[in-house]
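Going in written order, the chains are labelled A, B, C and D, and every chain counts its residues from 1.
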């Protein structure tokens, strides 16, 4: 049986390999991001020539200057693709990691902006990922902007969001707005519309998000899991059970 | 440089000090923070470099903190920092939000002795209007190119937990070289270590690259397992169960008080 | 990353390239420079980081260099760089003078991906009017405080000689951590090493702090004693007698030609 | 018999310890500076609590970021005292390390400015040292300014030259001009005046530069020499002979 997380991993991997996007030769993955990390491993272990910089790798961490080196790498233009999320995400792909209510989050307080305000503008491709897909998260307009989805002309920016993957669907982002691209099993155009606070375009006949094929599932449950185990033991146990395949 | 007792190290942080702290996973000074709680320090202005975790949450919960500048507050996989959230909601903690590379850059400006440094990105974030100490200017080298400038920030005190220290005050941080910048930028640096290193770390080619010179270090105390419940390089792993226990307990005032009594006030009172 | 032959490494430097070189005492790529002479590279724009020594003088003397940006040119205790001085006097070398921290700062700006960075000091030096690429502005954070801004500088190629490299392209530079900034700032980095390291340098806690990640390294060649006649950390000392012999020989065109024939063109032609 | 170099070392040490100047707790010494290095060792080995950062120390070099770390240290205000010289030095304490003739030194070319343009302004105390004392070196006005001796109001500057020690004498600098402070043996006010291209004040009855007392000589020839041997073998052999005392 295919786990929902496995489908999300495969959807992210397909976006990483999107032939219409510039090739991602170097992918960085931030803290506490098991599904983006697994997607990146899936791409690499499928035989693609890609470098992974995993910030929270316990052994063999590639950085000798901590997170500063990650941000310098992005500043140099050496990171092709990064993943971001948000407590709120709006239809202009703005991210809110601050909170709701008055600044700095007198309503719900989110953890904080981390490096999003920088990485979003310095990375040619950003894939947004947020499992919770509800009107509370996907809002018409974020209460506070941690990282801006689009920038006016003249502002130095290497790229915008490429897509947003949620627990219900995949949206593509064209630099101005979202388009519904595929529905996960059990979802309909109506169910997604009801769960989404922002406006997006919805083509006729939205396809279903494909299941990972057997060879991908085998990679996920074997080699990918093995790379993930030390950093994300709880995630691995939840998705793949206690025994290593 | 003679080692001091952990309590004496904590006594060197004055009430109200601007104190820079690296987060979980980056040589965080957990035993030192517990000693600060026992010392009863008040009014600290904490700087998370660049984010804050268990140590800052503990200090906030114990009533030691007036303000916190950080790019995020979270503990382990839970993603929450309960005492931080509680103090923010109660209005007892002044929070200044930043973004990670801005904090690194403000410290690097202090490290170089310049009053400011530019940083790409960030424009369009609501951080900018909420940081009157940051400025957006036109790039003097290219027309029509706005860019953020952030000011130099020199913490009064930096504290972290390293692997070992020698008698010259040199401390070994291994691959976590970014700790050097915190030390360079801060007026005083207090360090706890797992153990004493016999000899001079800077005269050992194998150790020198991961060593911060004693020129930046003001005092050192022994604190075995001093980063726990966080991990320390290849010395020991993080204690995820303890961090989860903390995050659970700290959701309530009573739970936090019990945690303090069990792990901070009593357990290490003899240290 | 497969190692290449030294001659193949030299072939990766195109004529006219902006090439960053660390000086004597800082992992200088001497064997690589001799291979560049044999390759017959022309029109190099050299950057001494932050000064230049034997390697740059040799390349200048061999006719490989069109221009040099440096904070000083000197070899060993003699204090002179004969081929540099000769080419400057003959008008065949365009020299752009800098001051050491300005070169470090220009590279750090490139390392951070910002278009410029400020630097204290320097005001009042005649370097400023001779560097139209530098700007003096008012500090936006304090009135009446002029400060120098220098632009980011990204060398096309950086070259240095390290201790060892592994199959992932990670290279060990030990305590000479400043080499990391040169690699970070440059578009391509070519490295010679004493030897191959079995295993992964970044997975070895004892080596990681002195390691530059392969993410910054484009190609590597073996070159035992590749810094000589300069020294390399604790691997071997500088050969002061050889440097003095070079400085003496290079005072005349004939002496320099004889040095080239003896130590460069013939001696390592098989390498 | 006292060597001239020993007297210069002692004169520099006396200036380092000048009770009228702010205490030097941290002294840095740049490349190829045996006499300033020896003076700094003499102060330290005399029992003064001072940290020495010797850039060209072969073993136990204190820097893990090369010269950049030295300049950062100075930027931070952690270096109290530094030594500089110059191919030309003028009466305003300007230093020329570039050369003569048209920029960048079409007449005589000097090695270059090194870090002088920065260090001179960032260090509270600078002691200038140049053995050659001739009208060619000590000029009315330097051909090119590598590092400015004085700065207009508003320019960030922590200090100026404290003094200039040459092979003939010691000058003090008051922030605006030089004053003849002491004459080395064999020199007179007239001989110094004839050898000096810039104007300076000359009090009546200029004292002689004192000889190092026997305890200083013993320190120099024993412990100081031992610290210098590895970095400056040629200097040690020239001044103190081949045998270690």
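By definition in this document, contacts are C-beta pairs under 8 Å (C-beta built on N, C-alpha and C of every residue); 3 or more make two chains touch, one makes a residue touch a chain.
Note that the structure is a prediction, hence the values are computed from the model and not measured.
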Other chains in touch with both chain A and chain C: B
Between chain D and chain A, distance of the C-alpha-averaged centres to the nearest whole Å: 59
Centre distance in Å when chain A and chain B are each reduced to the mean of their C-alpha atoms: 28
Centre-of-Cα separation between chain D and chain B, whole angstrom: 40
Shared interface positions of chain A, touching two or more other chains: 59, 61, 63-65, 75, 122
Multi-partner residues of chain B (at least 2 other chains): 112-114, 119-120, 145, 147, 175, 177, 202, 208-209, 234
Chain contact topology (line, ring, star, complete or other): other
Which pairs of chains touch, using the document's own definition: A-B, A-C, B-C, B-D, C-D
Touching residues on chain C, where the partner in the complex is chain D: 25-26, 50-51, 70-74, 77, 79-81, 85, 88-89, 95-102, 104, 119-127, 130, 144-147, 175-179, 181, 231, 234, 237, 240
Chain D - residues contacting chain C, complex: 32, 56, 58-59, 61, 63-69, 71, 75, 97-98, 103-106, 109, 111-122, 144-148, 150-152, 154-156, 233-234
Residues of chain C touching chain B in the complex: 105, 112-120, 135, 137, 139-142, 145, 147, 149, 151, 173-175, 177, 202, 205-206, 208-210, 233-234
Residues on chain B engaged by chain D in the complex (per definition of touch): 110-114, 180, 184-185, 200, 202-203, 208-209, 211, 213, 215
Contact footprint of chain B on chain D as seen in their complex: 26, 51, 53, 59-65, 72-78, 122
